[in-house]
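Structure, as C-alpha cells:
Letters A, B and C mark the chains in the order given here, with residues in each chain numbered from 1 onward.
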Amino acid sequence: MRSWSFFAIALSIGALLFALTLWVRNDYLFFAGYVVLQFVVLATAWNILGGYCGYVNFGSAAFFAIGVYSAVAANKLGSNPARFLPDFVASGLAPLLPLPIPVLMLIAGLAAGVVGFGMGYLTLRLRGVFFAIATLAMAVVLQTLIINWDFVGGSRGAYIVRPAKAALGPVAIGYIEYLFAIMLLLAVIALTIARLIERSRLGYGFASIRDDELAAEACGVPTLRLKLIATTISGALMGMAGAPFPFYIGYVEPAAAFGLPYAVNSIAMPMIGGTTSWVGPLLGALVLGSLQQIATVTISSAVNLLIVGVLLVGFVVIAPKGIVGLVEDWRHARAKP
Amino acid sequence: MTGPLLEIRSVGKRFGGFVALEGIDLDVAQGERLGLIGPNGSGKSTLVNCICGTLSNETGSVRFEGRVLDGLAANQRTHLGLARSFQLPRPFMSLSVADNLRIPLLYAVPKRSLSLLSPEDLDARCLELLRQVGLEAKARQRPRTLSQVEMRKLELARAMAAEPKLLIADEVMAGLSPAEIEDIIGLLLRLNEQGITIILIEHIMRAVMRFSQRLAVLVSGRKIADGKPQEVVNNQTVVSAYLGQ
Amino acid sequence: MGIPFELLINAVVAGVLLGGFYAAVTLGISISFGMLDVVNIAHPAFIILGSYIAYLLNLSFGLDPIIAALIMLPAFYVLGQVVYQIYHLSFERRGQDALRGLAFFFGLLFITEVVLILVFGVDYRYVEAPYIGPTWRLGFVDLPLRMLVPCLVSLLLVVVLQLLLTRTFFGRALKAVAQDQLALQLMAADPIRIKRMAFGVSIATACLAGAFLIIIQPVEPSVGRDYIGRVFAICVLGGMGSLPGTVIAAMLLGIVESLTATFYGPSWAPAVAFGFLLLTLAVRPAGILGR
C-alpha cells in the first residue's frame, strides 16, 4: 500500500474516532485519549531510533520536555512581544499572535530535532551501550539547565492560560477536543512516517545497523549519517508531541515534564508491542496507555507504574519480539501442516 | 591506470602491548590474483581490517588507486571499490538471505552507477548472486537456518554484491568439500576475468596455489615472503614458519 | 581571586570523603559492567534496597547500619546470583542484542523503586548511629563523622576486593573471564559460574553501599536515579574494570561536585556527574587508567 493511501486511510479512521468520541459526549475520554495518543507518538518516535536502528534512548523525556518548554517560551514571547523583541519584529509578528498550536509544534519539532542532531553528533560514535548511558546523561543535563532557566519559570514552574474554545475550520469546538484532534493528526503523521521509513531504502539501512553495524559499514552503509537522521526525526517527533502539553495541563514544572514515566513508557510500549514494525509501538501504546489510564483512576498512579515495569520485564524475558512477534509466531505455527 | 591498485606502506597496528602488524609493505596490481597465507593469529585479518577501515592503522598508509585511505570511514572505502568478506561470518540476522545482499546493492553500488535499480532489478540481482554461490534455494530464509559453510558463501556473495574493484575473500572456503572448493575457485576466476582484483586469504594450500598469481606470507605480524607461488612455497623461512618441516 | 582558602579546603575535603563513598557505590558496576560486560543499570536500585533494609534493622533492633549490611551480605550475594542467572538464561545464552538486557535492568530499576514507594511511601528515612552528628575538627577542616566513617569503610572494602581479585583463584578466573571466556573453559573452570559469583559479589557491595548512603543522607525511593549517571561516569572514567582507577575517578568526581555545590549552588550538582560522563565518553572512552 502506498504511503499516501495509508495516510488517507489512517486519517479517516482517526476522523471516525474523533466523531465517535464527540458523539459519546464524555469529556474524560478526550482527556484520557489525548494521553494515549501522545504515547502513540512517543513510542513510534522512540522506535525509529530504538527498534529500527537498535540504539536505546533513555532520554525521551528530554525531547518531550524540549517540546514542552519551546512551546512555553514561544508562547510567552508571543503574549508580550514588545517586551522581549525589537519593535519592528514585534509589530510584524502581531497579526500572527497568539501563535496557534500547530505553529508551536513546528517550532518545538525544530528545536527538538536540532538537539537530537547535536546529541547524535556527540554520542553516536559510541558503542550502543555507551550511547544509551549518554542519552541519560543528556536528559539530566538538560533538566538542570531548564530548572535554572528563569524565563520559563525554572523550578517554580509556569502557568499557561488555556483558551475556552477553539475552531476546527468552520466548526467551533471545546479546547480539549481541539487538542485531541491535533494529537490525533500528529499520531497519524508519526505512524505514516514510521511505515514509510520501514519500507524504504532508509529502513533497510537502519536494519543493517541494528543487526551488525560493522558489517553494515563494510557494505557501504553510511552508518553515522543514518543514525543522525534517525535521532533527528525521533527527537523532532517527540518534541512535537510535547508542544501541546502545557495547554493540556495548564501548569508545567520540570519534574513533571522530565518525568520518568515518559522515559519508561517510550521504551516499554515499543518493546511490549514489538520493535520491528510500526504496528508494535501503536499496539503497545494503545494497550499499555489504556491500562495505565484505567489503573490511575481505579487504583493509584504508583501502581500503574508498577504495571509498566512488570510488563516490560515480563515481555523482555518471555516474549522478546513483543505482541507483534507473538502473533507472527502463532500464525507461522498455524500455517505449518 | 599506472601504479598498483593497492599500495600498503609500512602499516603497523598494536593492541595495547601486542603488536599485530609491523612494517607491512605490499602492492597489489590491477587485475592481479594475490594469495595471502600465514598461521592463525599472524595478522591477516587485522591487515584486512586496516585496509578496509574497520580498524585504523597507527603507522604507515594505505593507498587505493593512488588515493590515500587514512581517515576514510569503512563505508567510504567500500564506495571507492573495496569489498571484503568477514572471516567469522557476520550476516544481518533479522533480514532474509536475499535481503542481506540488498544492503550493498542499495548502498554501495549506487555510488558508482548513477541510478538506483528498480525493485524488480534488485530482486533479480540478489537471486542472481545467490545462484552464483549456490544459495538461491535459501533466498527467503533467515541466516539463522544456514550452516557455517553456507554463511561463508553468503559472506562472499555479499562482498560481490558491492561490485568491487578489489575483493578480499577472507577464508571463505573453510569447511567446503573439494567440489565446492572447485566451484568457488571457478567463481573467483570468472570475477577476475571480468577485471576484479582479488586477494584470497586461505589455509587450503591446494586452492591458494591454483588460484594465486602471487603469494605473500604473514607471520607474527610481519611479511616474510612475497613472490611467485612456487618460489614462496619452497622458501626455507616460509616452510619452517608455516608450512611445516 | 577572593575565594576564601578555608572554604576551598573544606570543599575539597568534603569532596574526598564523598569520593570515598562514591567508590563504594561504583564498585559493583566496575565488576558487573567493567569486567562482566553486563549493563546493570538497576545497580542503584539494589543500593536503595540495602538502605531500606539497614533502616528497618536499625529501627527495629537498633543495629548499626554497617553491621546490619554485613549481616545481609549473604542474602544480597544470593540475590545477585539469582538475577544473573535470569539474565544469563534470557539474554546472554540467546545471544540477544544488548537492547533487551538493558530494558530488563531498566524494568527492574523501576519495579524496585515503585515497590519501595508502595511499601515505605515517599517520606525520607534516616538511621540513628553514634557517629551521625558529631564532627571532628582538624584546625579549620571539618570532618563530619557521618561522611568519614563510610569513606574509611568503603576504602577498606576496595582493598579487600582488590585482594580478592589478585590473590585468589576466583579473582584470577574472573579477570580471565573478562578477557577470554574460551581460554577459561579450557582451564576447566566454568565461566558461567564465575560470572554468577562475580555478579553476586557486585550486588553484595550494593548492600554495603546502601548502608553508607543512608548514613550520609536521608533516603527515599527515587534517590537511586541520581546515581545511575554517577556510577557509570566513574566506572568509565576509571577505566572500566580497574578498581584503583575507580577510586581515583570517584575522588575526582566527588571533589568537582563538592566544589560546584559550594561555589555555584547545589542545583547544578546533578549535571556535574553527567557532564563529566559525556566529556569522558567524547574524549577518552578508555578512561583514565584505560584497558
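Some observations on this one:
Rule of thumb we're sticking to: a contact is a pair of C-beta atoms (placed from the backbone, for glycine too) under 8 Å apart; a residue touches a chain by one contact, two chains touch by 3 or more.
Since this is a predicted model, take the numbers as computed values, not measurements.
Counting C-beta pairs in contact, the chain pair with the largest number is A-C.
Each chain gets a centre from the mean of its Cα atoms; the one farthest from the centre of subunit C is B.
Work out the mean CA point of subunit A and of subunit C, and you get 33 Å between them. Centre-to-centre separation of subunit B and subunit C, using mean CA positions: 46 Å. In subunit A, the residues that touch at least two other chains are 210. Within subunit C, contacts with two or more other chains are made by no residue at all. The touching residues of subunit A, counted against subunit B in their complex, run 201, 204-205, 207-208, 210-212, 214-224, 276.
Residue ranges on subunit A touching subunit C, taken from their complex, read 50, 54, 56, 58, 122-123, 126, 128-130, 132-134, 136-138, 140-141, 143-145, 147-148, 155, 210, 260, 264, 267-268, 271, 275, 302-303, 305-306, 308-310, 312-313, 316-317, 320. Contact residues of subunit B toward subunit A in the complex are 52-54, 73-76, 78-79, 83-84, 86, 90-95, 99, 102-104, 106-109, 111, 116, 158, 161-162. Listing the residues of subunit C that touch subunit A in their complex gives 39, 41, 86, 90, 94, 96-100, 102-104, 106-108, 110-111, 114-115, 117-118, 225, 228-229, 232-233, 236, 267-268, 270-271, 274-275, 277-278, 281-282, 285.
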